[in-house]
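Below you'll find a set of structures to go through.
The following pair of complexes shares a single chain, chain A, combined with chain B in the former and chain C in the latter.
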Partner chain A sequence: MAKPKLSMRDRYRLLTRDLDWTPTYVDPRNVYPYTRYEGIKIHDWDAWEDPFRLTIDSYSKYQAEKDKKLYAVIDGFAQGQGHLSLTDARYINSLKLFLQGVTPLEYAAHRHFGYLARHLDGPGARFASLCQSIDELRHCQTEIHTISQYNKYYGGLHDFGKMHDRVWYLSVPKSFFDDGISAGPFEFLTAISFSFEYMLTNLLFVPFMSGASFNGDLATMTFGFSAQSDESRHMTLGLEVLKFILEQDEGNVPIVQDWVDKWFWRGYRLLGLVSAMMDYMLPRKIMSWKEAFELYFEQQMLEGLFPDLEYYGIRPPRHLDQAIAEKDTLSHQIYWILYSFSHAASFNTTVPNTEELDWMSQAYPDTFDRHYRPLWEKARAMQESGNRLFVRGLPTLCQVCQIPLGFSEPGDPATISVRTSHFRQERFNFCSDGCKWIFDREPEKYVQAWLPVHQIYQGNCGGASVPEVLNWYGIEDGVDNGEYLASRDKRAWDEWHAASVVGGR
Partner chain B sequence: MTEPAKTRVRLVGVDLQDSEESRALIEAIEEDNPEANLRRMPGLVKIQSPHPLEIRRETVERHMGREWETHEFQMAIVSYAGNIDEWDDDRIVIKWQH
Partner chain C sequence: MAVKALYDYDYPSADRAENFGDDMLVNVMWKGNMTLCSPACFRAPRGMPWADFKAQMIDTWAATDPDYDPAAAGDWHVDDDAFTPTDGMTLAHTGVEHKGLITFRTAT
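This part shows the complex of A and B:
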């Protein structure tokens, strides 16, 4: 007779929580030395909850299944020349941005959750971190495998790791994550698990995958869904860790509030790149950034989550009103920056076609026709007269988010917002009140920022001319960068889709 | 400008992959949560509800015609809004706590 099966609750108690022991001949504070210096007080690690009740055997079983499904699709995609079924080769530029900007963050997350899996005091928290560490490595690997299909045929994808460390727009995601991993463990968890994974990640992954699905990119869609199924576990870790910290000690509340304020704005600024991807880089649109922000942030977080957190004394993040006000302008301003500096980027940009401009007029009735449509029409006219706009100077960067100053004053789309602070007799510039507030809280940290423009001026980026810097970035001029309509990707795409050819290449 | 948030209902929700395997799961969720609203987006189905959302093993098994353990929900879920209030052998409940 088969033995009766243990319930999920019992299995979790026996296989996860029960494997811990209390050290007797070493002071626990020496075993876990990093969980006190941030001022967070934890009295009872056993109060930690994991609603998923994960055990190592069920974790491995389901992860293996997810991988099997994914690799079946990737094989089919490669064997069926899936890249030829995309809506347009222009779509691949969003993959370039993703591979260069996001994939290295998955790897950094893998490393840092590995550190937490060793250094948090409670077994439940350590095991959840261990699973997330393995997940992040899986995401990094599956993203590389999936997108490497495109590297055989298209430019810009060949050296994403090096580019992540060097190229100007990639210092935006890199510095975001470096800020997180150089903070203490509780701030990291609030930053990445709660603020990014729970509050904001829907705005990255859901539109990205739906965008892949809608643009014929089966492989990316499948890895996106595969990763996102882990993501809901990460979201749970984020919410549980926040509630756990808040319930443990009242003194934790103001510390956590400050972190929520800081990391909402950090994450939101980073997602500006996604806004440009959604509105401009997907040939076939799923929804506008504005609509996604309303659905996934305003409706689900502001109206759903924050009334729950009010119970603990946490209010919605500082500067949220400015993010809400910016939803009509954000994507247009970011893509304008990418468009005008794409001679120095490892992707291509172009002016949206008339159909797309019409779509944006509808999606952004309050701002687009007045402020952005004329800009794009002017850019198109310049391009048609053989004078494609590339801004040759170097822009002023925000000291915190590292995005060039290109955002407008709240409520005034026609004026660029500039904020400054002085610290140790030096002046620092910011794109917004949010970034200035973050700097003023911890100036000693942000004065150390590796700002790509300053580094070029200091002679640390291969030389003083554009070709020298591109060479140092690993960007091949005319292959990886610049105007899409004049790109090698576009020429190859047109050739592959021209009248039928016998035989393959 | 945005209207004040307080006039709206607080929704919980779950986003699921739009796949062959999820179909029976979605039918089961609709049966157990008659007030839930479905929205289809490319590749996914977004389910939102003004009440706690409950996924019951028995109902899912009836729609699938096979045994189903609640852990398998991990294979279909893309994202959710709310708090996972319960996840045991028989049911998963997503709701706001306070």
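This part shows the complex of A and C:
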């Protein structure tokens, strides 16, 4: 007689958890040395409820299917010269930002989840980390493969890994993730799994993937669909992790609250780059940053998530009021910074056209016509007179988020906000109350920040002149950087779309 | 609150004054101007005369905005403290510290 078929739960238990054992001749605290020093207390790792019950077998079968579909679309898109049916070559600047800024973070996440897959005490938590580690590696690879086809035709996409480590605006995402990786395992989980992958993920992924879909980029859109099921698994895991830590010990609550406060502001500042991408880099807009923030944060998180977390004693993050107040100014200030320094960036920027300016007047009725339209009109006039605005100097950077100090005082768009702290008789500058608060909690950590401007002045970035620094960045002047209307991308695009074009280029 | 770690966590600051020798980092902000997106950061000798610092560094940077008039720059402050620069005054004598902030306005 055949043995009765095992239930899914029993089968999963046999395939995963029962492979674990309790060490007897080594103290478990020496086997897992990193899970106590942060002050988080876990009494029962077996209370970890695995939300997915995946096995390596089912996981890899499922991922392989998705990969097959994705690569078929990428091939078709590349062979059919899909890049020619984009809305405009200007769109590709958002892909440049994504490949340089986000893809290396996927790889960093892969590495750190691999570390957690070894160092968390519970087998369920370790296995979930292992799956996420493989996901992140796969996302890194598929993003590179999806976007690499554009490298043949457009500037700015080569050397993205080197640029991530060196270029000034990419120190924003890099330092964000380095901050997480150099924290303890529970802070990392709160930072990345919960704050980033649950609380803020829709503000990163939806804009890029919907942006691809709205602008004719079938390949990147398909990557988005392929990653979506993983991302929703990561979201579920992020919430599960948070609830698990909170349920284990009441003493964990204030520690976690502090991390939620810190990582909300860290993540929100990083997403400032996304706000500029949404409002300015997409030729065909999805929605404004303001609308996205209202939908994905104020509605989904503030009205959906945080009322549930109140039960555990967790309140909405500190400095949230300032993020809400900034939604009318954020994208304009960040893109103005990118526009002003795009001679040193590996993408192109330009003045929005009249239709776009009108769209922004409608999307930002309280601020745009009063503060930002005049700036763009001035920039356009300068450009028409042959004096395209590029700042002749280097900006003051925030010690924590590493963005130039280009944000305004809450409620006063015309006044730049500067905050300072002194630590061991040395002065440090910040863009906001949120970043200052983060520094003041752990000054010993942030005094080590690798600030691109200060590093240039210390002689660590190839030289003192702009051409030397660009060379060290891997940015080819006139090909990768600067004004879009004068760019090689724009010239090539116009040639390919001329009436009687023959061949490729 | 100190950094929680399994070991003694103590590292030097990446931009401490000694890394810049006789020079210092100085930030300058043009208040009331939105064309320049942020304050600027300069590396300059502590003993640099004010006239040189202004002409070579501040004026070059601020002239990014074509409406900048070097003669109109005034209302000088180091953080919240007003000061009246003289041509021969050294940068150090303005009272600005390493990574400190000098601000000005232009008469409108």
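Here, the second predicted complex is superposed on the first by the 494 of 505 C-alpha atoms of A that agree within 3 Å, B and C clash if a C-alpha of one lies under 4 Å from a C-alpha of the other, contacts with A are read in each partner's own complex, and residues count from 1 in each chain.
Operating definition for what follows: contacts are C-beta pairs under 8 Å (C-beta built on N, C-alpha and C of every residue); 3 or more make two chains touch, one makes a residue touch a chain.
Quick caveat, the model's predicted, so the values are computed rather than measured.
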Overlay on chain A: chain C relative to chain B, clash or fit: fit
Which superposed partner A:418 touches (first chain B, second chain C, both, neither): second
Cα-centre angle that chain B and chain C span when viewed from chain A, reported as a multiple of 10 degrees: 150
Touching partner for A:465 - first (chain B), second (chain C), both, neither: neither
Contacts of A:311 with chain B and chain C, given as first, second, both or neither: first
Touched partner set for A:394, first chain B, second chain C, both or neither: second
Chain B versus chain C as contact partner of A:33, first or second or both or neither: second
Chain B versus chain C as contact partner of A:9, first or second or both or neither: first
Minimal inter-chain CA distance - chain C and chain B, angstrom: 24
On chain A, positions contacted by chain B and by chain C: none
Complex contacts: residues of chain A adjacent to chain B: 7-9, 51-53, 58, 62, 65-66, 201-202, 205-206, 209-214, 221, 225, 228-229, 231-233, 235-236, 239, 286-287, 298-305, 307-308, 310-311, 324
Residue ranges of chain C touching chain A (in the complex, touch as defined): 1-6, 9-17, 19-20, 25, 27, 29, 31-32, 34-43, 57, 60-61, 63-64, 66, 79, 97-101
Chain C-touching residues of chain A, taken from the complex the two chains share: 33-34, 37-39, 184, 333, 336-337, 340-341, 371, 375, 378, 382, 387, 389-397, 404-406, 414-416, 418, 420, 423-424, 426-429, 441-442, 444-445, 447-451, 453-455, 457-458
Chain A-touching residues of chain B, taken from the complex the two chains share: 2, 5, 8, 10-13, 15, 17, 41-44, 70-72, 74-89, 96-98
